[in-house]
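Each of the two complexes below includes chain A, the first together with chain B, the second together with chain C.
Now for the complex of A and B:
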């Protein structure tokens, strides 16, 4: 029985030693991972489990659709705002509301600044410690670090030996204090860490610099949304009215001073990405070129809904600056169109998820979704209900559902967007991808890997920072042309709404394709469904036995020391898991659920 | 061998003079007189970093994200020089059993002497298995860590009140820290908000480190220094409220002039927080300044008080107490359609805020 081949072409062998990582840290939310390794420490089976569930969609039932953005924004405070944007788009779609051009530009600026922020924080603060060893940085000669820095990023002014010496002294004192804080119990003697000390020192320095700088990126959203984390949004546009030279402009949300601040931050953001993030990414990757694990589904099935509408209210693929499409079985010459309204395309399955369907062999389109939690453990499960030792992946084993596109397990995220954009011949994407391949001297196939995912994220941060500038310029040009509108309030009053409508909203969240499906009945939410990036990537097996992107990506990876699973973390982190997003899922049968659950 | 805050500043080339200047700024920021400066300086010079275990239950990580956005002090300096953030699954290098071992090590080494920071809350339904850490219910980890802590900080509205996952019908029975059955009897500081303001979070921490004591709390357990006034009390748009100048719909003339957002649903009059004084992201702005009504995210049960865009009718009296009547009369006369506001306010006063809207 030992080897099983899944319909999507992966061999699973459960005969070897089982290794458990729980909690998987440096992610958003809670996640568990179990793998089987063979006698050579190579992963032969992988099981990824979402270990939290919050039930937000049942909470939404019966609420005012205009409020939904605030609820769903709280699905995730890391990709803060992307759910809110998806929500207002879903409500606007349902109610046929057009937003002003300025609102589209401002929303895009907010969404793009999130992309930049999220990617930067992911790279330095969630992912870097998989590649960078802060303890090894103590061995560095600051002069060598300075030389390295000047070589890879000549424009970066913070590159003197003295600067790196100061940082190194600070790290040394920190580590020698014996209070290691976030670095405690890391795998610092593991041979999987390959950077020379001078590169480690450079990267740790930028870990700290990026921690300082990331907060500035989000000030853009504080200008337009009033606060960050969790800025404010509005069905029909944006809440920040514009007043450039009228009476009381100083107290208006948007005036010249506010726009200048956005411009200043945008320019600094571009500088930081180009002078620090991208050079670091390439430098670190160059030491790990041999570590080409982690491709999984990336070379097979990729999905993107697209985002960043150039002109307001046109959500066709042609008007979206981030690409839309699906690639199946690695056929890059054939990018399929994607229709979120088609009941045969996006469907969710639950035979291996802790939910119950009337017929679990079938998937359901989100507009018709059914969700009822059903925490059950399979016959081969080890442990007790409240003390899990080993999950049984033959049965239900995750709080994440299994979404499929036309029956296929798909990978979503920056890499999916970049490969789809590349396949479509999107000039900006092709240029960027070719640049990184040339810089590292690797073929296109190298993108289908853990590092490829990490590289695509960096490229996208750069792209997004420049697009942020593009939309700021566009906003200013439009104001200059005399249009200062920011909100369309015509249909804001619920008494103007039809009795029953449905809509769908989508974005490309930092982690990938995000869709919200809403049904509104008598001015209240009748059903609200979210299918989110980590639901795609972190999905458990489906009714056919197809494995999801996380599970596929871990296979065939060699683990140096099974008790120090840095390789598993590397690959899982390359997706930037967001578990609160993936496991909130809940649908229309809320009342029944409440009966079952309230004790 | 413990590194103190002063050590770090000195090592970074900061002179003693600058250090003392920092201390006096810190004193001023906390509203203290010059006599406190030497006290702050002494604390900064001598203290080892206090261990902090930062646990995550059902949440969205917005509190951590907010904390990282602190402008003064920088999150970097808090983490490297003020506290020892020994467990925080969002940023810690260790994973799996090495991560879980840290909790035990900290308990062993610093029993009764670490701060437990809680982000999110514990679901009690399904035997707690709606939130699993290391194969076990989060609520077990929470109770365990709480029983050995010196004090508990409940970050944000999740840990303080329950927040979004506890909104009706609260399918997982998400429960705020202080209401978890069997939670140890330790001092709990609630720092509500969704999320709390970055600089409020770091100020609460630095206050405790500097003065070696809990901040003074109100009856609900919130630090008085940041939660004793309503947003409305210090709102820069307050004069427009008093003058009866309101935004009637988004992007109207009033919206462009920065008029009061009360009529489009602002919850500033019933929300206790520092948004209109400290403001957000280094004092840059706050929701009302950016044109959106306050949604009251630091209040208990704010999700279940009706639509965010419905005008409030359960306002318990506006403004600073002495002038509440006068302001009430003025507003009632001018608001017109909302003339009943203050009459209603006195009637509604004793009703619970939950469940009187829908």
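Now for the complex of A and C:
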């Protein structure tokens, strides 16, 4: 078959063997990925599909808009708080509600804390095992590991040979018990793993440390959200009262003692990121510098809505500490402004998605979005309707819509934010990016890769931890100046609302730009549309044939062993799929080749 | 939760966890069950009741802190809908890993393995699962067959606790409906009562399109699919493994 060039500049060739990975992850529903590889095992075509309908929009219709946050935070197991924040912002935008400064600071602290937590868990528990081999760690010399640790992070106190010997023994016991758990189904003999045993042991040790450190990070959201696992949110502010003279009690208001606890956790977080996460990131990357695959759309089209408003209620680009903008065709000297209200900017298309539009040649802005399922397989699909072996990407093939910005497929996420911030000359971003490029001795182009995506996430974790400190200081100063307001209930009563209003709320979720568009009619939700980061990155083709970020990122990657597609997982994971689940790799004839674990 | 008696020995720490997604009909069983347990009984301070939702790795810390772990969950055992199943000890991870239809974001199996890696796996494990009747009802609530298993499931949990010397005190009066481990918005009564009618919020899609004369739902989906399959090349149309 001849090669097809997509309008966004990628060559697709479907003639080679098809490899199917299903499901890749359960983020926002189940995901599946199919690729064609040529005779040299290089990926020449990629198809990414969401295989389950979320139905979120339907659940919210007719509900009280002030309740929407509680529903959206139940949709996904990881972005709980981010969805809730996006939702209350959408309702506040629609009803013109201003929130107090303290509420803005507290929301930012919660959002930044979630960024740090998510990035840390992603790096160590979901992504590290694509680069780190825990079985190989058993061969490490604890003394040499200690020397390596002291070299890459002199300030890290946990670096003695005895410490690494103990951890090694613990991992050995765990692996030898026969139930590998998270290490199960790894490709531990695959030549794609490049680390020496000592680096593997160091990284696995920090895998355990990071698991332990979670409990500290979580206290921040529990204190401000009032409830562990599912924090409370409030349209008009935050649901926690401030009383600096107050004593600790169950469900108590924010007092100095609790703020001091947040302060100490924030300091510990900064230490962990600077002494463990960043040194590990650089050490691991230094062994993979020749693995520069996975760029895809990153060197072309990037989008960020921006987030973390410095002052309350000002959502203009100038006031957002996390940058907003769009880059098209790799032109870093021109960052376009982004307007989420403009009907010509963000639009969703469905010609390759299992939804019906009245006119599928056109995209719909989320305010006018419709969510009507239409499950139809193309004539070239293989298998049966309940057991698909190969999708037909020429027809509808995904439950994910195809969002486009001014018609372009875009990548969103930490790398998009960092490239946009860098292109805008944002001092903090430029310093961080230049630091990592210098440390690894690579050019800026190296950022447009799977590793670049992983590096940007680490840099952002550090940035977010410091910003968390900034907003905590700001909160304390504001309280000390006598302002203890945390909520504005002026427009909370629906009888004061206009008959019909619409609004948009946005955040930068750990894995990318997140927007909720709401229409309220007669005090009830009339239409609610979420465009989530996975919709952007995992988008199928559009009416022009443009491929999405996941699809583009897999092209031209060499797969050492097609039955062990660690390279595919590496790149897909670099976009931060949510959590672990089992994966089956099927060969062309549907025979199961191997069960892989998507971590 | 009650105060720990000053004469009490250091006690085993207990975590009672409800997991699942409230938004997908019977997937909400675990969270509803632990919430009801909290309304009916009180425990000493070494017992924690938690709405785990669909959280995965974020639950590891709670699991590590527990000596005894009880999980309420909707689990697929290929049994008739509404069947309750009690699984204990080493069998628990196997059952939790077996679920294919669950909408949980991570395997709870993984959470247990991570706790074990930290040398902190709970000593005693009990899973009280119920086979879901319906999951494909977005915004829907528990089906009666599943809902009526909440009280029996609580009894199973209490019996297990008693066998480990952990006692629950029945409250003189059931706590009011609005006392919840989740949040008030998600109260079962409110969740169900405020659900708009099917006419108002079509549960399979968007009424504006469905009622739009320009588009029609396929009249016979299966027939259409059969037609598609018939036109496939011979080697592709066979049933797969």
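The criterion applied here is as follows: the second predicted complex is superposed on the first by the 563 of 599 C-alpha atoms of A that agree within 3 Å, B and C clash if a C-alpha of one lies under 4 Å from a C-alpha of the other, contacts with A are read in each partner's own complex, and residues count from 1 in each chain.
The rule we apply is simple: a residue touches a chain if its C-beta (ideal position, glycine included) is under 8 Å from a C-beta of that chain, and two chains touch if they have at least 3 such contacts.
Everything quoted here is computed from the prediction, not taken from an experiment.
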Overlay on chain A: chain C relative to chain B, clash or fit: clash
Touching partner for A:40 - first (chain B), second (chain C), both, neither: neither
Partner with the higher number of touched chain A residues, chain C or chain B: B
First (chain B), second (chain C), both or neither touched by A:495: neither
Touching partner for A:21 - first (chain B), second (chain C), both, neither: first
Touching partner for A:371 - first (chain B), second (chain C), both, neither: second
Which superposed partner A:176 touches (first chain B, second chain C, both, neither): first
First, second, both or neither for A:382, with chain B first and chain C second: second
Which of chain B and chain C A:59 touches, first, second, both or neither: both
Which of chain B and chain C A:316 touches, first, second, both or neither: neither
Partner chain(s) touched by A:356 [first = chain B, second = chain C, both, neither]: second
Clash-bearing segment of chain B, relative to chain C, as chosen among 93-101, 129-137 or 165-173: 165-173
Set of chain A residues, in rising order, touched by both chain B and chain C: 26-27, 55-56, 58-59, 62-64, 67, 70-71, 74-78, 80, 121, 125, 170, 174, 179-182, 208, 211-212, 214-215, 218, 227-230, 232, 373, 375, 383, 385, 387, 389, 580, 590-591
Residue ranges of chain C touching chain A (in the complex, touch as defined): 21-23, 50-62, 97, 103-107, 109-110, 112-114, 116-119, 138-139, 182-183, 185-186, 194-196, 200-206, 208-210, 212, 214-215, 218, 221, 224-225, 228-229, 231-232, 236-237, 239-241
In the complex with chain C, residue positions of chain A that touch it: 26-27, 55-64, 67, 69-71, 74-78, 80, 117, 121, 125, 170-171, 174, 179-182, 208, 211-212, 214-215, 218, 227-230, 232, 356-358, 370-373, 375-377, 379-385, 387, 389-390, 524, 578-582, 590-592
Residues of chain A that touch chain B when the two form their complex: 20-30, 32, 51-56, 58-59, 62-64, 66-67, 70-71, 74-78, 80, 100, 121, 125-126, 129, 166, 169-170, 173-174, 176-187, 208, 211-212, 214-215, 218-219, 222-234, 236-243, 246-248, 251-253, 261, 373, 375, 383, 385-389, 399, 484-487, 489, 492, 564-565, 569, 580, 586, 590-591, 593-594, 597-599
Partner chain A, residues of chain B touching it in the complex: 1-3, 7-8, 11-13, 48-49, 51, 56, 58-66, 68-71, 74-76, 79-80, 83-86, 88-96, 98-102, 123, 125-138, 140, 163-165, 167-174, 194-195, 197-198, 236-237, 249-252, 255-258, 275, 280-282, 284-292, 295, 297, 303, 307-309, 358
